[in-house]
Structures are given as C-alpha cells and as structure tokens.
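So that you can tell them apart, the chains are marked A, B, C, D and E in the order they are listed, and the count of residues begins at 1 in each.
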Amino acid sequence: MDNLRKKAKELLESKTVDLVIGYENGTNGKARAVFIKDPEKTGKLIYDDRCKQNLAVYLNKHEVKHYGKIAIVAPLMVMRSVLVLVSECQLKPENIVVLGIGEDGSLLDFPSLEVVEKYIAKIPLGNPEPDQVIIDKLNAMSMEQRREFWQNELERCFKCYACRAACPMCYCLRCTVECNQPQWISAPAHPLGNLEWHQLRTMHLTGRCVSCGDCGRACPLNIPIHLLTMQQAEEAFHMFGVRAGTSQKADSALSTYKPDDKENFIL
Amino acid sequence: MEQFEPKLVAFVCNWCTYAGADLTGTSRIKYATNVRIIRFPCTGRIDFMLISKAFANGADGVIVSGCHPNDCHYTSGNFHARRRWMSFNAMLTFMGIDPERIIFSWVSAAEGAKWADIVNQSVEKIRKIGPFTEYQKLVQSGIEEENFNG
Amino acid sequence: MKLGIYPGCSLTGSARDYNESVFAIAEACDIQLEQVPDWNCCGATAAHNMNKELSLALPARILAQAEKVGMTDIVIPCAACYSRLMVTQHELNNDPVLKNRVSEIIEMDFKGTTAILNVVQMIDKYVTPVLKDKIVKNFSHKVACYYGCLMVRPYKVLQYDQHEDPQGMDNVIRLLGGTAIDWGYKVECCGAGLTMSKTEIVGMLSGKIVKDATRRGAQAIIVACPMCHSNLDMRRPAINEYTKEKMDIPVLYITDAIGMALGIDEKKLGLQRHFVPVKMAEYIPPVPEPKKPKAKEPINNL
Amino acid sequence: MSRIGVFVCHCGENISATVDVAKVADDSSRLPGVVHSVDYKYMCSDPGQTLVKEAIKEHNLTGVVVAACSPRMHEPTFRKACATAGLNPYLSEMANVREHCSWVHDKGEQTTQKAFDVVRAMISKVSNNGALEPIKVPVTKRALVVGGGVAGIQAALDIANCGHQVILVERSPSIGGHMAQLSETFPTLDCSQCILTPRMVEVAQHPNITLYTYSEIESVDGFIGNFKVKIRKRARNLDEDLCTGCGLCTTKCPQKKIPSEFEQGLGFRPAIYTPFPQAVPNKPVIDHDNCTYYKSGKCKVCEIVCPTKAIRFEQEDTILDVEIGAIVLATGFDIKRSDFFPEYGKGKYKDVIDGLQFERLASASGPTQGMIRRPSDGQIPKKIVFIACAGSRDPAKGIEYCSKICCMYTAKHAMLYKHKVHDGEAHVFYMDIRAGGKMYEEFVRRAIVEDHVNYTRGRVSTIYELDGKLIVKGADTLLGAQAVEIEADMVVLATAGIANDGSEELAQKMHVSYDEHKFFAEAHPKLKPVETNTGGIFLAGACQTTRDIPDSVSMASGAAVKVAALFSSDLLTREPIVARVNRIPGPSHSTCVGCFMCQPVCPYQAIEREEIKDRAGNVIKSLARINEGLCQGCGTCVALCRSKSIDLLGYTDNQMHSEVLSVLEEAFV
Amino acid sequence: MSSASNHEIHVDNSLSGLILKHTEVPVQKCYQCGKCSAGCPVVNEMDYPPSLLLRMLQTGTPEMEEKVLRSYSIWLCLSCEQCISRCPMEIDIPKMMDYLRQVSYKKKMVNPKAKDIVRFHKAFLDSIKNTGRLYEIGLTLDFKLRSMNLMQDLTTAPSMIAKGKLGLFPEMIKGTKHMAKIFAKTTGLKSEDEK
C-alpha cells in the first residue's frame, strides 16, 4: 500500500499524470472510488479485499475524460478493462498509466500496456471461483429448471439500468434500449421486456466482458445478472479461444472469425 | 383435437438459400406451408434481436439459413454470422430457452431439395415440441401489465 | 560533470589497468566518476548459468544502490557487467511480478530507471565533444577494434550500434587520428566465460582473433572489456599454442588509446601492467593513388 | 400515410391453381394503407405492367407490392415499370407467391393464407421503404493495365485482341520488367529476351494498345466500369514523334558512369539513355539528377548531336486524364538487395551479389557479355557459394514466407555457372529444395547429378573477407550440424522476393486491399484468385505473390478474360443497397461512439474513420463512415453495431422489423 | 450444451514444454536451418551442435532428453548470443541453455567433462557470496583446489601479482549480510545468521 501511495504521489508530483483513480476508505467500513489530483492527498489510497469495484468504468465518463493523463489503480479486471477500452478506441494508450495490483496485493510496475499484455498472458484467466461454482450448478440443471430460475430472477428487474451504468464496456452514446425506430426492447419492466433487455446486454458483452461482476453488484435487487455475461465469457473462450482484455488489438470474439470455427448445430 | 400447426419464419440470405428455395419451387418439390421466408442480403445482416422479436410475436420456430462456409457472396458474412449464432445459442441455453426452436442451416442455391427437407424437418420438429407457450406467456403478462400501467 | 560508475570486480583486480585508464581520461576531460556505493559483483556467467533468480538479484541490488543515492546515469566499463545490468533492467521492467519478487529478495526498492552507458557510449557523450582541443599527439596507429559479444548482444535489449559490424570504437580511433581496419572477428567470442575452466578452448577462440588481426597488419587490438583484454593479453601462452607461432600484438583498452593521444603518462594509464608490451611504430596511411585504367578488361564497361 | 397498391399475379395458372388470388387481393385491399388491390393473369406482361403504371398515376401510389414470382426473376421488371410511371423503383417490393408458395404447396386454405401473409409482410415493409436512386452506369470499354512486365504485356495483348482499347502504363522507360533482365529461364534454359522481345514489339505495334512508359498512376477515382484515372507522364525531354531512336545522343553524352538500374548497378549508363538495347519504346529519357545540363546549366551535347532535333529540355511532366472501365494490376515484385543482410556484410563486400545481379552477369547482353566475372576485380570466380533463403523464411529479419522462385533460379544459376566455368566449384546452401512444377524437380536433379553442383543443407551464419576471398561459415545439418567453412571467390544470395516498392501506396490509391507483406490481396484465395475485393480491378502476376513466368502469364490471361467479360455488356447497374452511419446534430454528430469494431468485419475496407473537428481544428470526435463506392451492401456491420448507428438502405432495421412483425400477425391456419 | 467440459488444457511435460513454460523459448519453432551451429564459436568442441540439441528436444523422447541433459554442449555454451542474433526464428538458445544447465545440475546429470566448469561457477559464486565481490586469487585457489588442477595457471599468477593485477587480500563490501540473504533467498538455503 505504501508503494502504491508513493508511486501515485510521484506520478502526480512529476505531472506524469493529472489524475489518479483509486480506492479509499468509505463509510460503513466499505471501500469506494477516489479521484486524486493533489499529490499530498495520495495518502488516502488503499488497496485490500474490499476494493472490488471495477474503476475502469470511470475512464469513459465525461467528467473524467477531460483530464489528460490518468493513472488507475488496477487489479486484474481493471487491467483487462483498460485493454478492452484501448482496443475499442475508447482510450488512448498514451493517456493511461496502469498501477497494477498483483494477485498478492502488491504493486506491479507497468511501464507500458505491452507489459500489461505480457503479464496477463501469464495468468490463468476465468471467472471468479464463487461465480463459476454457481454457473456450473446452473449448467448442471435441466433446461426447464434453468428457465424457471431465470424467469424468477429476471421477473424482479425493474429496468433501473444500474447494471449498464456500472459496466465499463457499456459506453455507447445511445443504448439500443433507447432506440424506438424500431422499438427493439419493449419499454416497460414486464417479463418480456426484461428478458429482451438482458439478452441484449448479454450478447453485446459477449467477448468483451472481463468478469468483474460489477453489474451484479450494482443491481439493487441482487439479480445475479453477472452470471449471464460471465458464462458468455467462458463460452467465447472455449468456442473461439478469445478472452476479452488480453490485447490492445481489436480481436474481440464477434468482430473476427476463423474459417474453421467449430459448431455442431448447423444443418 | 386438431393438429397443432406451428408458425415458423425463415431468415435467409439472398444469394444462396433464397435462391435455393426458388429452385425448390422451379423443381416443384412440395413442403409444408408453415414457413414464411424473409429475405436478407446476407446472413451477416441478421440481427439476433430479430429472432427474439419473431418469438415474441408468435413464432414457434425460426429457421436461419445462408451460404455454406467459403461460399458467401460477400466473402465472410456467414462466418461472422456463425459466431453470432454460436454465442446466441450458448446464451439461450444458459437462460433455459432451448435453442432447438432455432434451426440453423447452410443451403446453397443448388440445394432445392435440401431446402424442402429442412423446412419439413423443422416443421415436424416444432410440431412435436409444441407451441412456444413459455415465451407467449411472457408476452401475455407483458400485455396485461402494459394495460395495467396505462 | 558528475557521472556514476560501476567498476565491477575485474577493475579492482586483474583489470586494474583498465580502471586506471578510465579514471585517467575522465579526469582529463573533467568528468567526476563516483562509484555506486557499496556495490557487489554482478554474478557474471556463473550466476546465470546456475541460478536465474540470483542472476537477476545481484545486478538489481547494484542498480537499487545507485537509485538510492539518486544516481541517474552510470557508466559500466566492463562489457560483461554492462550486459548483465542491461539485461536485468530490461527483464524486470518487462515483468512486474518478477520485479516485485526480486525487490523482495534484495529487500530494496528497484525502479529500473537508471540510464546505463557502456564505455564507448560514455566516450561519445562526454569525451568526444571536448576531444579535439585536448589531443596532443595523434594516435597514428593501424588497429583492429574488437567488440566481442556482450557490448553488442543481445541487440534487442542493448540496442547499441550495428551488432554485426559495430563502428563505435572505430569512429573514436579515427577521431584520434588512427586507422581502424575492417576484419572478420569484430564480434566473435573470445571465450570469456570459460577462461579459467577450459583454457585450451579460450586459447583457440582468442587465437583466431589475434591471428586475424595480425594477419591484416593491425598494430594493436583495441578492446572495451576486461574479459576480452585478459583473454587476448594474458592468455598468450594458450594462444601461441593454438596458433603455433608467437603472437606479439599488444592489446589496448579504448581508453588507453585516448589517454595516449591526450598525452597522459603511460604509468597513469597502467600500460605497464599489460602482459604484452605496448610498443607500436607510427603508421601513416598511404595516400590513395589516382586510379589508373586497368590493363585487364574491367567489368563495368558498357 | 402511405398509399399502397397491391397487384396479385395469376401467372397463368402457376399461382392461381393453388392460391386463391382473388381472395388475396381482396383481403389485401382491407389492410391499412392499401388504396388499390387487383389480381391479373400475367402481371409481367405488357398489359399487366400497364395496370401497375396506371394505378400509380391514378391513385397517386407511394408504394407497390407485386405478388408474383421470385424477385430474383422479375424485380427489375416491376421496378422499371414503377420508374416509368414516376414512382421511385425502390418503393416497390415483390411478394414471392410462386416459387416459395404456389409451386411448393398444394391447393388449399393454408396456401392462400401463406400467400396473403407474405403479401401483408411486404406491404408492411414497403411502407417503410425510402426512395433510392439506383446506381446505373455505362461501362467504359477501355482497360488500364498497370505494369509492363511479362504479366502486364500478356494481359494487355489478350484484352486488345478481344477488340478492346488498352492503356498500358509502365513506370520505367521501357516495358519488359524483370523478365527482360533474365539470362536464361528454367527449366528449359531458353533465352529470356529471345522469347520476350517479340511480345514487347507486338505491344508497341498493336492498334488497340496505347503505351505510356516512364509514367505512373497519379490517382484513381470512381468505381467499376467508370474509373477516372490520372496518369503522370514523366518528361522524357524528347519529342517522341521526331526521335528515331538512333542512339547518337546516348553515345555522345559526357556523363557515362551512372550505375545502370537495368544492369543492377553492375554496368553504367549515360544521363540520356535507354535502359537496354531492345527497349520498347526505343526512345531515350534524360535522367535529371545526373544530367550535366540540369545540374550546371551547361552541356546540351545531346541537343547538338541529335539529327532530328528532338531534344526538349523545357518539357515538363504531363498529367493525362483517362476514363477506364477496368484495371489490371500487374506491378510485379522486387527482391531484397544484398546490402540488407548485416551478417552477410550489409553491402560491404562487392562480390556478395543478389540473384538479379547474377542474371546480368550470365546474360549475353550483360556487362560482361555473359562471362561470369567478379564485380570487384573482373576475375573469373573459381568457387561460388549460392545461398538460398536469404531473407525468405526468416521472420526475425526478413519475411516469413517462402519466396517460391529461388530454389529454381539458384539451381539454374549454379548450372549456368558450371556451364560457363568448367573447372569452377558451385556450392549451394539450402534449407529445403522446393521444386514443384512441370520438369522442375528433374531440373534440380540435373544440376546436382550431371553438373556436379554441391548442395549442402544448412544456412550460412556469416561471411567475411580475407585476402580477397570471402569466408563463408555455414553448417551441414545432414552431418549433425557440422560447421562448414568455404573460401569463396563470389557469393550469390537468393534474396527474398518482396512486394514492389510503392505497392502499398498504389493499393491505397486503388482502394485495393493488400496483405501484411504489401502484396495485393485477391478476393478469394481459391475461387477468385484474379479478382480483388474492389469491383473492376483485377490482378496479374507477381504483385499478388512471388511467382514464376508460366504462373504469371496464365494469371494475366485469366485477368484479361475477366476484363473482356465485364466489357461484354454496355450497362452496369449497381443497386444503391449500401450501409450508412447515421448523422445527428452536434455535439454528438452521430450515435456512433467510434469503437470501430465494425472495421475488421467489412470485407471491402469500406468503413473509414471520419474525424470531426472544431473550428480550431482539434479532433473532437472520431466516427465511422461508409465509403459507398466500396460498400457492397452485405449488412454485416449493421447487425454488429451495438448502438444501431449503421443501417442498410433497402434492408433497414425498420423495414426488417416491420416485415417480421407483420408476417406473424395472423395464425397460419 | 456448454462446451467447457470438452476442452481439457493440454499440459506439456516434455522438456521442451518445460522450457517454453519457464523461459518462453519456443523449441518447436526450430526448422533446422543450422544457422546457429554455423556461427557458434565452440561448435567443434561440442558433442551436439545447438541445432541438433533443438532437434533432440523436439522429439520429446525421454532418451533424447536425457542425452541433452547429460551433454557437454550445454556447459560449453559461452552465452555469446551469436546464435540468437542470427536465428531466423528468434529462438533464444542461450536462455534455453541457462535453463538446461540448471535442470542438469539439479538432476545431477552434469557431463563429466563439464565438472570443472561447474566447479568454477560454484567457486565464483561462493566468492561473491562471502565477500560481495569477486576475490580473484581466492577464486583461483579455490577453483584449483576443487578441480585438483594445481599446476594450471601456475605460470600466470605470479606475474599477475607482479603486475599488480591480483590483490592478495579480498575486498569486502559492507553489505555482506545482505549478500548472504540474497543467496539464501535465491538458492533456498539458509544464510549463516538465520541458522
């Protein structure tokens, strides 16, 4: 943690960056995001198990984009999000400094995003253990049981779109749900509209989700919607060999193909 | 009881399957009447949301068909489409919606007979599975709620 | 002008002469060389042959020591040490996990921001600009500049000079008024890593180098590495055994050549410590003759 | 509110035998927006079409649905009918009730219901249609062939012999390309110039071919059938009509020691020169960089000696504007030069030469009259080392692919050397011998067995010079990677074949895609090897990948046929079915967020990056833009776009959505 | 349904697989052009030239792998980096050699002819472990004792002392404890003060 604070201070003092995004102690013993411009305030920075939020979501916010160069405290999911955003032209590599956090919580020094790529290449990627356990359980159920599970869960959704706001990849200027010519998604929060919305969200994140789980955490009704995109992330890897957020190049699952992609259902 | 007549729509590409279905016609090969064909320039144009929309509006099954791999009129549209379908299928499976109601196939402009087979098999399959009541129930409850809301 | 220096073990012992000449020319050019505090051995070939982590930790400690006192630029006269420190800095900067692990081993902060210069880079940067006014006597000799392995390789890490045909020292010699020959063994290995354990192989490898330079009429071999120097200079018995004749070409450090041109006392440069006596006649390159039409039918006649 | 007319065709009895056409027409008439609905025996007949035309005028229709056969059959017919009646042709749609309905189903209620459903869906779609202007273009029956090597020559001759005009543009002062430089050709060892020069002369004399040498493509606009090309004709400083090609100027020019490009630097040329004696056209050019007059303002010897007073010092480059219907790219390839390889001396050693230089040494018309001599001292080398794969199959420094032609020409070189220097030793270092081709393997065997060329399997690590010899350090991997050292008099590198200099730039001008090695990309690796993804532009020869003479010539003939096929009709109609990225007022300018994930999806490189700038010129937003000239209308980008910022004209989201909803409106009975 | 279960990650336990895992050197990329062997300065002294070592590793058979680990070549490699600087496939042979030496040493498979090389390296490392710097005369003596080759270099050493090139006393750095710790941590052995 000292290293992190020291490094952040150095970066701000030397004007290498204009803003540091990190975590600080919030109320009720929780960690929350903090935006630091003053090098003297870097002492606020913390990193521990409570720091779960994917800070990359702020990188695309209007208020943040105005700062030139930004340093971001980046556990694995944030690193991956940064790479996704770079590959999708939403972030310029020269405008970001990654203050990497290793699996053991230590500060990792990344002189460039290439080194981040190398680091990620060495780490086994996948969904967080507890989530994958639930996904496996769901996959073990019958089709009917799964349908009931999701119907019961999704029924409760009242379309607050907190999931969308929490996701670093949901940065569109106009979401498809706001499209009414044609009306792709039924507007009210009824079972059909909910199902359509979550299908849309899941498909749009296929090959782009970095399994941070923030959508699920953001849901005020605790609907485990993060499982949908996480399952798709695994599928994209198994079907196409692609993991989101491993490279700065645009090679996302659905914008590329291999002539010999293997499926077993096309007649 | 009267036999259940499923409603199917077919999303096909202009260059292979649509032409293949034309050939079925010129060859006078008969098939079931339960399918309505919708023409797209390429399978790459088919938005997965349209498949969902078809189910929401009463389709019991959807056929999606285009050029065989490497035969795409636009070189790679069908390859991109294939990835989307693979992902869409995986998602539906995980959500408990059996993707067996969506029949994917490659039918070339020369495969008139294959088209008839695909249609007949699909209709029989959906007839066996029965009407897509789960989905239609969602629509019903949607309508009720909408009415209730105003 | 202040500059950090990492001498490395050889320069305190078998290559004391190199140390002396480096410091002598630095003094003559107003460069104050300051040693990295409490430096240790870089581990050399032995460490990376036997233990990867050790081979990174030892150089990392040196760099961390330099960082600790705020040295931003250090010169490393020994090519082997230069290579080890450069490789370490490169590897650790490209692998943050390893960097943390090594920081933990050496129990010191390691940033990896030091600018590392080899001796020729130091000369280019600080000596060449002031050289012209200071030369008292041209270094009028025909010499073969020998770069060896570790100053130019691995190129991907070092990014120094043209690795198959480097010109750094050749250019310095030309500036001093000397003649640098083109030859075949500029970047071949002298056998450094095996100097103690496989003397006969070193004799063969160094012998080939000495022989080629001699054959092409070089009056001296110029080096920038204590390993190269000790092999080419001290291993003469083994070399002579390989070449089957007595080779008496002297081996000079590039700093010796500069020192001689600057008129620095030979003792101060440590030339008396060389095994092969440093004696060279003056060499005046022939003026190129005006081209006569060739008797034989030339190839380029359209 | 739309005013739609529905026209149901009986197609004789083809439709009406199984579909109750009257009912379909009647039911349709009650649908919202439909103001007119009829059925008729033959809609496609003249009276049938008249029905449509009159209804359009009478009812002021905004949309037409013809329920008849497949649109692949008669869509153009009815669109034309609509157009003549003043209705935009893209406001008409066809409901396929024959191939997809009456012919495949028995008579019955279901069949009629299906027909009606399809008609209803098309009514729904057509009310969302927008007026579009078809891209209808005449084909300019004039071809442009870029590059005058053997492939370009072959393509030009083939097209010209089909009776079409051809413009052949060549960058250097003469056509002939690399083939003109070769000594003899494998596997027959016939003289390259002997077989090529008659073709070159034929090009010059062909009434249908206009030849522009010393010229380059300045710019290309337009699209298939209608390219507008600017050709920069560089100043030869010569009145070409007056010049007789006597060559007096070239012999009198005082500048004689300029390295000749044609001789690969092994010979010299004057400042006013023709590249080689058989050049076509046989008219010199003045090389401004080396001409005494252009450098110092004095000399003009050529002007003085010219018997026809043809020299024009004040002449300037001219830009020609030409209209072209189809383009054949035949710009060929190049090789890496011997100064590329640091471990082989980086050009330091004069006697380390490349394969093309060896061709010139072996050529009877070359600088040594066909004697193999060392460039350094003119001696006849007694030992030559040939190094294959110099830069090829070398991802680290060269290129990763196999250059394909080197195995064969190296065998040829070694063979020619042995034929010319009987007591000479020829050593070849190779990695694999790739001799697939008619009589190729036999040729290589002959070199080894009959001509005693010494083949060693291994790569050469380094070369250095010692006492006038080149020490070549290699290894013999078949002897357990034993080190091999050869003292050679000369070394010939079979350097990698690479894309021609400037090919990337040319590809960008042409909007043709190219691979990572800057070779032009074919539209399909197997089924469209001579087409590019840009309509009307074809490929011939080594500009697509390195290839030998027979392959280049066959490909050129293939491209010529494609051009002739395109020229066989007068009119080319392109549908305005193209994608478009939406535009809205600032500050957003578009709902496109600029993720550019659509870019890799487009097979036609039609998606461009547009930068929106503020008044100070700062980029405030990057967003996608579709180049409508390149877009072929597949719509793959449309379905990919998450924010629905791209739409496909003719198949818009609105159209497809309403068609799907409408077709499912009623039960299928 | 989920295809996850169909995909088992293939674990490559061959020596070349381990090399790839630990050093990222792709042995399988070698296509036997022999350029490394052609340029290797000590190829004639080696029992297997570098390219042949790569081929042996590519086979993945235990017999070949054992031959590699018992070879003299891996110890003879000078790490002069000539091979990697010219390899068309950028296979970092010196890095691979470092790894092979470490495995060979750990598995006690060091080639008998290379024992003195290992002794030298160990003597070298011991020297810096104790003093922080290389104590050349100590190293020479230590090595000579270890290799029982007392006569070698007997002629050079006195003249070295005469020329002032061999210090008679070791130079000690202040951080010797620090050095001991570094050695302990990297070699897995406890340092003196921790015992």
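By our rule, a contact is a pair of C-beta atoms (placed from the backbone, for glycine too) under 8 Å apart; a residue touches a chain by one contact, two chains touch by 3 or more.
All figures in this text were calculated on a predicted structure; none of them were measured in a lab.
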{"item": "Number of hops, subunit B to subunit C, where each hop joins two touching chains", "value": "2"}
{"item": "Chain pair with more C-beta contacts, D-E versus C-E", "value": "C-E"}
{"item": "Farthest chain (mean CA position) relative to subunit A", "value": "C"}
{"item": "Computed distance of Cα centres, subunit E from subunit B, in Å", "value": "64"}
{"item": "Geometric centre distance via CA averages, subunit D-subunit B, whole Å", "value": "38"}
{"item": "Subunit C-subunit D separation of Cα centroids, rounded to whole Å", "value": "53"}
{"item": "Intercentroid distance (Cα basis), subunit D paired with subunit A, Å", "value": "43"}
{"item": "Shared interface positions of subunit A, touching two or more other chains", "value": "139, 176, 184, 231, 235, 239, 254-256"}
{"item": "For subunit D, residues that touch 2 or more chains besides their own", "value": "343, 462, 601, 640, 653, 657"}
{"item": "In subunit C, residues with contacts to at least two other chains", "value": "163-164"}
{"item": "In the complex, subunit D residues that touch subunit E", "value": "343, 389, 393-398, 431, 457-462, 473-477, 480-484"}
{"item": "Partner subunit C, residues of subunit A touching it in the complex", "value": "3, 100, 102, 106-111, 115, 118-119, 122"}
{"item": "Sites on subunit A touched by subunit D in the complex", "value": "88-90, 171-176, 179, 181-182, 184, 204, 250, 252, 254-256"}
{"item": "Residues on subunit D engaged by subunit A in the complex (per definition of touch)", "value": "588, 591-601, 622, 640, 642-645, 653-654, 657-658"}
{"item": "Of subunit E, residues touching subunit C in the complex", "value": "41-42, 45, 75-76, 78-82, 84-85, 92, 98-99, 101-102, 105, 116-122, 124-125, 127-128, 132-134, 136, 139-140, 143, 147, 152-153, 155-156, 159-160, 163-167, 171, 173-175, 178-179, 181-183, 185-187"}
